[in-house]
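Note that the chains are named A, B, C, D and E in the order they appear, and that numbering of residues resets to 1 at the start of each chain.
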């Protein structure tokens, strides 16, 4: 391409940089009002599927910067809760607020994501026909409207950011591999990577360590712990060892509502929790290890 | 029971399994371990006949399986619980379980028309969800369904690919118990891929460590030591 | 001129038996020895006459004889009356088992010596046919069978000339059969009502009794009377007309509903096979229409093979069409579709190619012309419930047939393992294999089943529309529309969608015309899908996403 | 980093075919045109006007195939109704050409096209107003298909109509338009459509020079659209589009309003189809409701599939090849060409799952591995 | 060229193949026949067949191919009006010659086309005359497929009928889409319309595939020809061969030719046709006769002109006379349309028509209808001094000529 043409292109691009050319059109900064130190309010949430109550008067409050573990029996409603928060599923009644000012229930998935809520699915979902790199590029925190996307271009900072993420999730070598060709565990990592690249305010992570080796589990734990503080993290996991290693506050769901909430120790000695979830042995094990 | 001799396997142009050898004794519980992406799932799929192998031989009780289709292998007694559950999402739980009944009929000779009650004893939640679509179940429930579904086949060899993924602790324990019990009482041969050491140790009798598409260590479970773990399982 | 019914086509259930016996008697058991000699000169005139001069001669023949002349009139009406060139003697032509031979019309005596060359046809035209029908009716007024008498009376309602009225008046008092008497009463009332020289009160009384009748002839008469000079007659007629119109409207609604159901049943038949190959298996089967076409051609071939048993041919054609289309389906599945698992969009391409090949194949084998498929006699005609409501038999049978096929299919899919297996295979082929499902077999059987059912649909459609190379193309779009509108993978949805679209179209058509109705229905579907993006009966739940 | 740059310069969606394509396209166009205009008709190298017109038609189809490929190959939206946009563009051009006839129609009516005269219409319907201005008509040729695509897409994508539901709805759309345009009352000439055109912008449509010019304009526009589409699809927007094809819901969860992307891509594609239609009409000389027929739209999809969907060049090659085959087959074996065409479709699907471009890719890969191996060995 | 090339432009696939394939075979038979007689001008004839596949723009393309690539001397082709309209500009541009053998709506006369099928005044008008005069019909249902030929014909008929004093409420007009297959409500409406006291008839311009389901429905709803006769302009022997005609006996069609007409020419033609197609059951029909007449006239004109040059042949064509297959002589008029007899036949149970009425002599085809306001004043005359297809006799001007 000639220099002239490049120049043209550059100026066109400049023209379409709305934030500069037309400041009034700049994307509205997703300000989240975190007064009360609270970032997520879930109140009186109800949801039933053909009469089956998946969520039952669920109340949950998450502090800003917190790392919260959500556990509960299979089918307790953890994934469903995330579905409601991220706009995938419509609830029957209740309220969900992100900060004090964003009512999530009247927003769609994309809007919620743009507010800074990222999600990792229980079953890893990545863009199978794109490379690992492209998967990450797409997840970057950028203006995601149509025209800006058309004229946007990878900046060196963004490339560095992606490289960094690739390293963190151990996929640097697979950068140009199609995501569909990754193994199950690798997809898990890639999805976590996509979450990191998006740099969200609130992370909803559904069973991150399923299929990971012990060491990888440890690494994930470290990663999540390091994320907390600046960001808010909600993790669902059945691996008690992992939960123990990261948890400060643990919430136990049961049949669509909160059964118990507290520190790991409190939870582990909670009779109900032991009965419906942990089982005698697991509870014992955990205590034993601690002791 | 099953022996695998220098099996090579490729995805498109990339080779995943490299001259892999593996011997599974009748009545054993063999735990295959290895890092992500070393080819564990690939190996299991090859045994099940879901992936063609490029060279080598897989035999079961002396019969060569290589050319046999997956459904023949199911009739021959291999049950498979895949990674990622792979239940039939739009079928009800009951239908998911019924799929295997013809095989069971052939294998047990008593041609049962009904889903064996013991599946529900193992996973009571399936009974409650009998008429729910498989895809609507929670992840853990699906995993239970996947195991239950394989057990309907009344297999003599059970292949489990990370069966505890997403399952609540008390049920994980229960699954372990079931495996042990079936192994002990019915002589079920089990091939288990498992990442969680605790579970592997409790249930497995043998271990095989994989790396880059090869078996790199094999021994009794008691002998799985920290050196090996460091070498082959740590990142 | 008004609409008259043709006895042969007017098969009320009541009449059916009687008519059959009657015809049987006429053609095979000439019970009355006929003095045909008295007619001979007239017949000779008839043979020589030009078509336009035949009516007076026939009139004379009618006057000169009685019921015994019926076979002659009937044969002439059917265009089967010939005369021997050498002797000018009339004979009837009959076809039995594809062979043509000649019989004496009166005695039924076959004349094997005659060949086509020896005889010449006595031509008839519409005017003559109209005359003959009336003449036959007049003669039949004295028939022994009450049902024949009744239809004769009704036949004559539109032609109440003085002669006829005289006959009716003389017959009326002695008539014992209630229905016949009623019909005659109606005719006489019509006569009374229209006689201007009669007392107004009598006429009004007659008009009032006419209000109970739905006969067209009555309505025509009343319409005329509503323009009568006498205002009393006018208002009485109008009142009667209103009463009739109200009743007729109710029946018109039923009529329309039936049209809708019938169109729905055609759509159902056309799409039900697709509901399996496309809906359940996920193959975008562009050759579906050609499977229907093959079924229709099979019907044609079956009729070609058994030309003398058209009435039974359908019973052979149904299984034959199922087999032909089904086997073709299996063949296509084995040769092509099998290689396209997991690539549903490519099936569109391949099956489109197959559809081109199949079309050209029948064009090559059977020529591009439409082929003639006859309707069995038991399927032709209509079931006349009353003078304004009659349901055509072929449509009635096809409606029932469509429902039967649907139920059979539901049973197959519900009660055999095939239904479960095919769904499992379509949702996760590998896992189905691992569960011991013989996927190859299931695929072939399912595709064969869907195609076979399309073939059966072809048998039904051959009764309604042209059997030609384009038959399939005519239905493919509708079929996809129905399956998608109902919700892919949902058989019940297909059923409801087919009938919904059928009824909607038929209720729109009278006001908008057929073209606009089609457009409106399409737009409606497009808008409906915005509201329910997965059709009438969507697959719900997490898994559906 | 260098590797990275390399990736961006020759990545998967990058336009390594663009330059050769544009060069070959324009080269052939210029040569063919020159051969037609400047060589004597008996020269061995002479290209007949028939061939020029035929090529022009093929290029319109290629453009149309591009339009289909952009939304189907890249975004996974299988439209079985793209013929509608093509035809609408064509009608806009047809209306302009019709108005250009002026009083040279058979009835000599200066204001009304012939079909209106013989339907006894007294005045021009409102939607014909302004169509005598070339630029206005050309604007309509893109605005009308674009608007229809926008309204339809906005409704459908917002309601999350996807997959076969969407495909069949697009089919219903074009089918409804087919029926509507058949009606004489619609004011578009009913089944006969618009034809008997005389001139475009004052140039005689019959003249060789006009035909050559139309052919060249088509080629140039095809090249432009190809390059622009290539740019769009290799931008990040292109990646988003692919992501939507892969997993629409995942794309939403990382913050993309997928419905908007789909709507705009659909509109873009419809506009291209409209342009193709507008170019097609003066070259073939007629536009009529047959262009709305669903079978036509299905055929377009097939061109793309044959060429290889998901590659722009594949769409173009598919359209050219299938249509060339059709032209040849119908002439060589008028009674049996459908066998050949049908067999071609079946065989391509079976043996070239990714179309001709897939075959090319495979050969490339083979050559590469062969080359890589040699030094090692 | 060492041969004279005859282009055949009929659809062999797609929706129109049903009708047009027959005409392709007819032309091939005629070419064969002519060659047996030694060809023309001492040269053999050579047929060039292409398949425009029922795709209208393809008619233009294939027409151009025939004229410029294959360099044919004459084209026999087209069935639908739209296909003719599509190829017409090409014919005029390249000065080709085409024979169009199908009844059509008129309103056209091109220097390069000879119209050997019926114009509306050779089919529709005589048919309604027959209905009114001979059958005493007072109410009319004008039912047609929704496209130009039926629309125009019905417009002409409507205006003609109104001129004859038929009230608007006694005319019911109904259009259906191409290939319409569900005729229940329409037939039932017709039945209702026909049962209101006045003798009613249906004038059908229903085209092609839609006819069979239409007639089947008529039969099933028991509408017999004595009740409500249907007179059709697009249903001939060929269409009936796809139908069981027993329930339809007595319904009518208006054509210039019926297979059943007993003349020596016709007998020979039928015999030749059956032999040529090797099918003793093949039927003949009106467009075949039109093709036959066109071909004969063309051959004569070529002989007469001594060349295949289009302009010469065109002039030689005018005034050509050829015996009709049904007796009498067809004449090519100055307006490129034929003078032909008009016959009305009743359907018989053997799929043939029985002539029940015919015009006294021949009727000259009228390119421009006298019953349409736009074309009342137009005439066509391709002889000097007018030499114009659309000549306005009022303004004395000639419009819209492309030659």
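We adopt the following convention: a residue touches a chain if its C-beta (ideal position, glycine included) is under 8 Å from a C-beta of that chain, and two chains touch if they have at least 3 such contacts.
Since this is a predicted model, take the numbers as computed values, not measurements.
The minimum number of touch steps separating chain A from chain E is 2. Relative to chain C, the chain whose mean Cα position lies farthest away is A.
Averaging Cα coordinates per chain and for the whole protein, the chain whose average falls nearest the overall one is D. The greater number of contacting C-beta pairs, out of the two interfaces A-B and C-E, is seen for C-E.
When each chain is reduced to the average of its Cα atoms, E sits farthest from chain B.
Averaging Cα coordinates per chain places chain B and chain D 51 Å apart.
With centres taken as mean Cα positions, chain E sits 36 Å from chain D. Centre-to-centre separation between chain A and chain D, using Cα means, comes to 43 Å. Separating the centre of chain A from that of chain C, both taken as means of CA atoms, is a distance of 65 Å.
Residues of chain D found to touch two or more other chains are 179, 182-183, 249, 335, 338.
Multi-chain contact residues of chain C, defined as those touching 2 or more other chains: 359-360, 363, 473, 515, 518, 541. Counting partner chains per residue, chain B shows two or more touched chains at residues 136.
Across the complex, chain D meets chain C through its residues 78, 152, 155-156, 159-162, 164-165, 168-169, 171-173, 175-176, 179-180, 182-183, 249, 294-295, 298, 301-302, 305-306, 335-336, 338-339, 341-346, 348-350, 353.
The part of chain A that touches chain B in the complex is made up of residues 49, 52, 72-76, 78-80, 122-123, 170, 181-186, 188-189, 206-207, 210-216, 219, 238-241, 277-279, 281-282.
Contact residues on chain E toward chain C in their complex (touch as defined above): 12-15, 17-18, 21-22, 135-136, 146, 174-177, 179-182, 184-186, 188-189, 191, 194-200, 209, 212-213, 216-217, 219-229, 238-239, 241-244, 247, 249-250, 346, 348-349, 354, 356. Within the complex, the chain C residues that touch chain E are 1-6, 9-10, 51, 79, 123, 125-127, 129-130, 133, 216, 219-220, 223-224, 255-256, 259, 262-263, 266, 359-360, 363, 367-375, 380-382, 390, 392-395, 463-470, 473-474, 505-506, 509-510, 513-515, 518. Those residues of chain B that touch chain C in the complex are listed here as 48-50, 69-71, 73-75, 80, 82, 86-91, 95, 98-100, 102-103, 133-136, 149, 153.
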